[in-house]
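Take a look at the structures below.
Both of the next two complexes hold subunit A, though its partner changes from subunit B to subunit C.
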Partner chain A sequence: MNRAALAIALLLLATLPFWIGNSFYVNVATQMLIYAIFALGLNVLVGYAGLVTLGHAALFGVAAYAGATLINSGHGHIIVAIGACLATLAVAAIFAVLALRGTGLGFVMITVALGQIAWGIAYRWISLTNGDNGVSINARPAPFGLSLESAPALYWATLVVFLVAVVAMAIFVASPFGASLRGARDQPRRMTALGYNVWLIRFLAFLFSGFWSGVAGLLYLYYNQFVSPQTVALSASAEALLMVIAGGTGTLLGPIAGAILVIVMKDIASAYIERWNFVLGAIFVLIVVFMPEGLVPGVVRLCRRVIAARRPRAPMPVLGEESGE
Partner chain B sequence: MTALEVRDLNKSFGGLRVTRTVNLSVAPGERRLIIGPNGAGKTTLFNLITGELRADSGSMMLFGQDLTREPARRRAHLGLARTYQIITLFPGETLLRNVTLSLLGLSRLRWNPIVRIDRQSELLTKAHAALARVGLGHLAERPVGQTSYGERRRVEIAMALAQSPRVLLLDEPFAGLSIDERRDVLTVINDIPRDVTIVMIEHDMDVALEFAERITVLHFGEVIVEGTRAEVVEHPRTKEIYLGE
Partner chain C sequence: MNVRLDRRAFLASSAAAATLPMPAIAQNKPIRIGLLTVKTGPLAQGGIQMEQGVTLFLKDRNNKIAGRPVELLIGDTGGNPAGTKTKAQELIERDQVDMIFGPLAAFELLAITDYVAAHKTPILSLAAAEDMSQRKPNPYFVRASGTSAQNMQPLADYAAKELKYKSVITISEDFAYGYEQMGGFQRVFEGAGGHVVKKLWPPLVTPDYTPYLAQLSGVDAVVQGFAGSNPLKFMKQYADAGVKLPVLGGGTAGDDALLKSFGDEAIGMISASAYTSDLDSPMNQHFVEGMVRDYGSTPGLYAAGLYINGLVAEAALEKLGGNTDDKDAVIKALRAVSLTDSPRGPFHFDHFGNVVGTVYIRRLERKTGKLVQTTIKSYPNTSQFWTFEEKWFLEQPVYSRDYPPLKS
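After this line comes the complex of A and B, so read on.
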């Protein structure tokens, strides 16, 4: 059943440009995949490490800025991809070293501060980032000679990266390191007594999370061909965090569902509803009230309840019947 | 050589001295009991020995190796394991996963982000064996949330034993247990081989005195009596503290 559902989902995703209609919707689907990768990366910290961050858009933006700078310097795709990922990892390492000095609210506030520093650099260090005007790239790179100029081509390239991200997350979560990370989230004191280096586990998780945020940031650059300070703003971090929380933290499908929800509201519903932000806010409130665990775990719970309610119950034994009284 | 040697250990929280020049010497294979009224500093002493708290002064040795500057996580690798007075398990996981995490703590495998944890047959065999040792082999796949308090206490001990410690610190392992559960836990503890040195904090005197070979009495962070069961029970300071004579 699960394999059949997976096969159907893969088939639908692979053939999406053929049946979805026009290139606008293909681009929307590409955005969903990009933000799903970003949310999956963020979920490593929020869901599996229990570290809520509001500075991850900075890592997303660093990859985009680094990629744009390298492309405009005339470098090829491989150098651009490696350079953007290394820049993201370097910034993620700095963020992690500073932010992991705190936990809980302290960690959140440090990530807010670091994110704001990144935003300040993007906005004010004009010689590096071109300030409020942002950085554009003239054309999308052609990795391995494959042009990404058309909407379907970029969609398929993004889909491949998305599938790699999903598989990487699934392997990571089921691994001993994934189990160690969840243990550090639930009982850090016990984990230390058991011989684990809780700080190092969290640090490596931060890098892994940052890496996928960077990958998403680079894809965003390829898609948008432009990056500006808005990309690294606090609101972008909050939006990504809401994707993860709305979809369901600590699950594989939750962040993907959250990303789809937010992009549908931003790119599709906003064409029909003027106050789409209000509607999105209302949806989040409803999720928090009725499915505090998030959309995916919440829907699973409701389905189980419905199935259990429909299942015929065994008749109650009549008192005295068994003994023949 | 002693299994555990504590020398002139001091700890204060602000102006409150909770550990006052404590000395403790536990022989290999010994069963040592630490008793004292509430607030005597027993759990604090355990926290200092395991490195969860930093001592203000003093030193600690484990089989001749200086532990004083070692971080808490390293002490587990050197052969020190503990249980907690307040049960500290991984509530969303099965009993098997709890013990597996304990085993992973001392294994390089814990850094591996690629292999599947549920396919590590050697690790799982050891985890099953540790659970069987405390009589919980049949509940391996049960989530912690669906087990009784007594079973959780035994999981705590299974996690500590899974690490094959040289010195085991048991912090009130009988606390909150029914008579039957106490008997079960005592059987588990009595079955621990002599190559494991045990230091136990306990309030239940009936059970504890049955277990102990030597007893240390702590009061206001200070060792006031130490000796065999008979010596400690007969000591006037013990009677003064416990009976107010």
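After this line comes the complex of A and C, so read on.
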């Protein structure tokens, strides 16, 4: 049953450009995938490591700026991809070393500060970033000779990266390292007593998270062919964090659902509702009130309750415990 | 026009019509105009005025241009580049608009310029980024409002030649629009023998100008280039700090839409703008009356800019008989528009699609209890290149934070 659902979902995703109609919606789907990758990366820190960050847009932006700079200096797609990822990892490592000196609020505040530094550089180091006029690239690169210029082509390329990201996340969560990360989140002292290096576990998680944020940032650049300081602003970090929290932290599907929700509101609903960010805010409030654990775990819990109510004689299952914190 | 059809030709053409998108004969199909504006966030004030301007224009025309009904599709960019891109895609790919009005801010325009050019969609923007009609032109771009420096160059001329100022300090927000305005002022002012002593750049969002106000002394005047609601805040604090130097300003700094919010502190400010609400022309009087009637306020740059965009589109489409199928013909017609009467007076376009028109030097005064702008000099046929030779101008770098450099 689950396998069938997965196969149908994959089939629908792969054929999306054929049935969705207009290329505008293909582009919206591409954006959903890009932000889903970003949110999945962020979720490693927020959900599995229990470290809330408000500076991840900086990593997203570093990859985009690095990619744009490399493309504009005439490099091929492989160097662009590797260079952007390396730049992101380097910046993520610096961020991690500085931010992991604290946890909780201290960690959040340091990430805010670091994010603002990145924004300041994007805004003021004009010779490198062109200031608030931003950097544009003339054309999308063509990896291995495949042109990404058309909307479906970029969609499929993004879909492949997205699926790799999902599989990587699934493996990561199930791996001993994923278990130790959750251990470090829930019982850091006990983990230390057991001989785990909690700092190193968190550091590696930060790099892993930063890496996927960078991948999303590079795809964002390919998609928009433009990057400007707004990309690394605090509000961009907050938006990504909202995607993760709204969808459900520490779940695989949660960040994806959160990304879809935000993009639907921002790109589609905004055409019909003038006060769309008010509606988005109201949705967030409703999620917090009725599903504090997030959209995906909350819906799962409600579905189970409905099923349980329909079969009154069946023994009551334990409700929605496994994904909550 | 009478067209005779025999049965075979009729069948052939209806078969073609069934398989192809409707051809040009569908004159009752509406002209679709996309408006990229900002309705949420800090830029929303200007964005809403843009919408008012175009709405008033369409109301004046009973929603018809060149015999065809007009459908206005509005996209809220949220004032950020990625949002602008998405909304541009929505307008171009999903709604298949014939042309786009907007967007407001330079970074929004820069984010979509390549995209709209690739889709050959004419775009009539207010964003003032110099290079859009200079070093990185877009062949589908038309700008009836002007570049950042287009008002400042005549203002500098006026300051040096008429006001006989010898030295000034400039102050403007720390972003490209500020740099470009002050770069243009500096080049012309220094060319006329003046001296720009200091250029100050407070951040775009700052609650307090005190540290900057303390530096304003020892010169003949202060030139401010603020935008949005910042001119209100700046002038208030300027007066409160007791600075007595005369103030010169650009188009957004003395925008007529701000008149209702300014107080006595702004009296005497001299500003240069492509639009002035006191212009004595039939079209402008009609426009101001309409804005006061419908929205209860004196219009400024943004509303006027969009009303003028409507006039430009109308003039071009009338020349084409309402036919918008050939986008290259549309852009050619748009750029060939030359109007003798508009809310900003007479104007035409240069070969980059940027406006050549009058720039008005105005003094802010109180007349019969109301704050008004009084035009004291006009510079007709002002080009983005001012009096410089185009080739020389384009060889220089674009105006920036450090260019032209200060002379010590």
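Points to keep in mind about this one:
The criterion applied here is as follows: the second predicted complex is superposed on the first by the 312 of 325 C-alpha atoms of A that agree within 3 Å, B and C clash if a C-alpha of one lies under 4 Å from a C-alpha of the other, contacts with A are read in each partner's own complex, and residues count from 1 in each chain.
In the analysis below, a contact is a pair of C-beta atoms (placed from the backbone, for glycine too) under 8 Å apart; a residue touches a chain by one contact, two chains touch by 3 or more.
Worth saying up front: this structure is predicted, and the values here are computed from it rather than measured.
When the two complexes are overlaid on their common chain A, residue A:G183 makes contact with subunit B while staying clear of subunit C.
In the superposition on chain A, A:A174 contacts subunit B only, with no contact to subunit C. Touched residues of subunit A were counted for both subunit B and subunit C, and C has more of them.
Using the contact criterion defined above for the overlaid structures, shared-chain residue A:Q225 touches subunit C, although it does not reach subunit B. Of the two partner chains, neither subunit B nor subunit C is touched by A:N2.
Touching subunit C in their complex are the following residues of subunit A: 22-25, 27-28, 31, 124, 126, 131-134, 136, 138, 151, 220, 224-226, 228, 230-231, 266-267, 270-271, 274-277.
Interface of subunit C with subunit A (complex): residues 39-40, 75-76, 78, 80-83, 85-86, 89-90, 93-94, 106-107, 110-115, 129, 174-176, 400-401.
Chain contact summary for the complex, subunit A toward subunit B: residues 171-172, 174-180, 182-183, 186-187, 189-198, 208. Chain contact summary for the complex, subunit B toward subunit A: residues 50, 52, 72-74, 76-77, 81-82, 84, 88-93, 97, 100-102, 104-107, 109-118, 120, 159, 163.
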